[in-house]
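Worksheet: the structure to be examined is printed underneath.
We call the chains A, B and C, going by the order they appear; numbering starts again at 1 in every chain.
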Amino acid sequence: MKKSLMAVALVGAFAGVAHAQTAVQIYGTIDAGLQKRSNQTLSIGKRASNTLGFKGTEDLGNGLKALFQLEIRYEPDTGTNESGGRPLFQGQSRVGLQGDFGMVRIGRGLTPYQETVGAFEPFHALPHQAGFYTDLAVAGYTSAPLDPSVNSNNRWANAFWYNSPVVNGFQVNTAIATKENNGGPAIGTQYPVGAQASANPFSATATYNNGPAAVMLGYERNAVESKVMSIGATFNVTPELKLLALATRHKQDNIRFTLPAGSGPRTKAWVLGANYTMGPGKILAGYGRKEPDNSFETKQMSLGYEYSLSKRTYVYADASRKDGPQTQATRNVDAKINFYTIGVNHSF
Amino acid sequence: MKKSLMAVALVGAFAGVAHAQTAVQIYGTIDAGLQKRSNQTLSIGKRASNTLGFKGTEDLGNGLKALFQLEIRYEPDTGTNESGGRPLFQGQSRVGLQGDFGMVRIGRGLTPYQETVGAFEPFHALPHQAGFYTDLAVAGYTSAPLDPSVNSNNRWANAFWYNSPVVNGFQVNTAIATKENNGGPAIGTQYPVGAQASANPFSATATYNNGPAAVMLGYERNAVESKVMSIGATFNVTPELKLLALATRHKQDNIRFTLPAGSGPRTKAWVLGANYTMGPGKILAGYGRKEPDNSFETKQMSLGYEYSLSKRTYVYADASRKDGPQTQATRNVDAKINFYTIGVNHSF
Amino acid sequence: MKKSLMAVALVGAFAGVAHAQTAVQIYGTIDAGLQKRSNQTLSIGKRASNTLGFKGTEDLGNGLKALFQLEIRYEPDTGTNESGGRPLFQGQSRVGLQGDFGMVRIGRGLTPYQETVGAFEPFHALPHQAGFYTDLAVAGYTSAPLDPSVNSNNRWANAFWYNSPVVNGFQVNTAIATKENNGGPAIGTQYPVGAQASANPFSATATYNNGPAAVMLGYERNAVESKVMSIGATFNVTPELKLLALATRHKQDNIRFTLPAGSGPRTKAWVLGANYTMGPGKILAGYGRKEPDNSFETKQMSLGYEYSLSKRTYVYADASRKDGPQTQATRNVDAKINFYTIGVNHSF
């Protein structure tokens, strides 16, 4: 044997990964369009989340698979990481195992509650202002109150996921996070900068699907012990027409901090919607309300249209009207905001 | 049907993207070498921009294609994003459609003016100190004065591009940006922090190419209403010898802010150059001047040599002398700077 | 010829890279698990470094190859760049040439000293608290004292590498860095913010491998003229059992700054270990000491187990006890820290 240790290492670094090209799948989305919001200049922005992802699976035998997924999120209008400062792999960074028992994963990603709720609101979980996903669908709840403020509200770092297999149409999805501080700001007096969670964040959903109809129950408790609960249903009246309904209760009355303005200790919300498919076209329609105790209610009405140019590319147009407190910037202002967008969405 | 909604979603997440490997192309450049600049220590740096990109097209039928391109820029000597803090996809992040009508794209990228000018200066748009691209070729003009100061000077966020098809050798390339603020610093009193553009930035070029000769006209107006205009030509005297000429006028007299030291309300600049090919070798030579009203002029003379080791790899050596104000750091100093570099450029 | 310059450029941008998919290899690692450290909450973290890399080679003929490697490092538990703020390509960003003469590379990467030492400690260069790599193996030495403080301690930016070929089992690996400042903080009075290196950082190792046995000698001098020297050996007693030994001297007595608390002008350290393979399982065991002049010593004992589920995936469990000053946070505290972890490591 004539090769030294270092030679082996260096050869390995450049030659030993012929498997890589078959093991890693690159995928993603780029979505950009024109947007006009009341009292704001015409802007270019996104409707869907924009991703560039890397993922793969490895067959371990006996029906067992190892899997990983790393997903960059970005803003196509400025080229930055999502929102300018979110983690590189904002979409997710998880590794796990899948088998007859279901799937276990560890890392960072969407909570089971947030992931499931997205399938029961009429704008297919778009984080866009015309959709209901990030506000009314979850009654203003945030999954990650102790994360850095630029982070998204529906993901957990430092967590462990379990998804059951589907048995007779039933599935259970759960996650639990550690109490680790993730570098977020102070929340009231109970959670100063650097505070750990006062309880392990926990999230669970149960879904049942018999083909035309699907129902779900979801529950989650975050790091500051706020709780949220949702019940949702979808029903395909015909193959073209799908109706969706979602009701949510958000409870933050056990937290010893001053509630954000515009929110109450308990908030109720509901969203009704419909999707109607006409050949390559699809109409999305929804109406919802969010009603905090002791504060202003929010009403939202949205209408969208998607037209597929191919399996991977569609153009869209949305119109939406939101009446009431809706973002940090407009809290306490009972503003009526009209919002319009047209754009293109391309998957790869 | 035994599968629930979530099961479908999870299977989709790991199995439904067999197309991905054919759809996404990975490409890039890595360029690094030794550099010596008057009064500075020997350093390692780049000559060309360094990229790691992801792009793809999708055939939509009827001659129509959807396309996207996401391009990371980085510094190979330190491993950071370009300049340490530029957006992840500093190169570009655009999605669009291409057909008989030409190409439309939306997102962030090089302006048509900046892209076209780069083809008419003798160092093929290198951002390097030995080249003319970022200073003399554009008479000190910046495309993005309201962007964060670390950003590059030749790109637009929040813009829309149109490139015509080539008809009888003619092509037109245009872009228009929204007035959105992109998080830049204050510029004088008219543009405080967070200010929007006072007019929509607009850029256009027209090119004509009959084979041995090419000419171009370029115009651009930025977010603070500075204007730049260039006329350029290239001529292949023989297949080996190409001559290049470029003249530029930069006008910033309608801006209500104090001009940067070392610049005047109007600046004229011109660059003359030649490229001479000898088998795998290529000589690049150029001379140029930048003459602001009421301020110091800058003269630059550069000589470069590139030697191809293959289709994708070449080594290079440059020598350059710049006499006059040239960067923010040396403004108002009538310094003579000698600059030398040798290095390697590899494309993949 | 009907195509203009711009048309050529744009076509090139979308069509001319059919070679890319064969040229670029994507590879990486994702490693995550549960960790419990004395006096800290249960957390999710990594044991191995997590990478997502892009690399390739190009045959230049005559046995010469061009090569590049760009390696993202990240934290799977939070999705951020490594340690939240390290360079995008923290792993490495290098371009070079390889041939009969060996390999030359330029850019940023692990120093030869740090790379070689990693092969002679029993936890295969894991940066993990149960391993010896980042502290006892190098006697607390840092390769990059003038780098930003978030950066890792074993890499050089702005450097040039040479690895010899392996001749009769012998190999030499060297690197030299420029004196460029890399944006780090002040180090004592001699090295204020923005200070350049007072000497060119230099690193060299020599290795000899005759099959069952390997030995190495390593030396490095960093930007503040601290010096480190190691001698190491490994011996395969049987194919299953490998013994490892490493001794290191770290000298920082020629530096005119106040030494960090818990370190002395000279530090001695040694690590003894064994790896024992049992089918798909492997036991890692090590014991080491670090003894600074005039300060507290550190003792560490670690035991690990790795079980391969496949060629690319293994699970692991470690237990470690460290007695003495060991991190910035615990310096001057003669703390006994127990550390346990279980997790999964997947390569792709």
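Definition applied: a residue touches a chain if its C-beta (ideal position, glycine included) is under 8 Å from a C-beta of that chain, and two chains touch if they have at least 3 such contacts.
Quantities reported herein were computed from a predicted structural model and do not represent experimental measurements.
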{"item": "Rotation in the CA alignment of chain A with chain C, degrees, nearest 5", "value": "120"}
{"item": "Copies chain C and chain B - interface residue numbers shared by over half, same or different", "value": "different"}
{"item": "Interchain centroid distance [CA atoms averaged], chain B/chain C, Å", "value": "36"}
{"item": "Interface hub residues of chain C, defined as touching at least two other chains", "value": "21, 26, 67, 88"}
{"item": "Complex contacts: residues of chain A adjacent to chain C", "value": "1-7, 9-10, 13-14, 17, 19-21, 23-24, 26, 54, 56, 58-61, 64, 66-68, 70, 87-97, 106-108, 157-160, 178-180, 182-183, 196"}
{"item": "Residues on chain A engaged by chain B in the complex (per definition of touch)", "value": "21, 25-28, 30-33, 41-44, 52, 55, 57, 67, 69, 72, 74-81, 84, 88, 98, 103, 115-116, 119, 163, 165-166, 168-171, 173, 205, 207-211, 214, 216, 234, 309-310, 312-313, 343-344, 346, 348"}
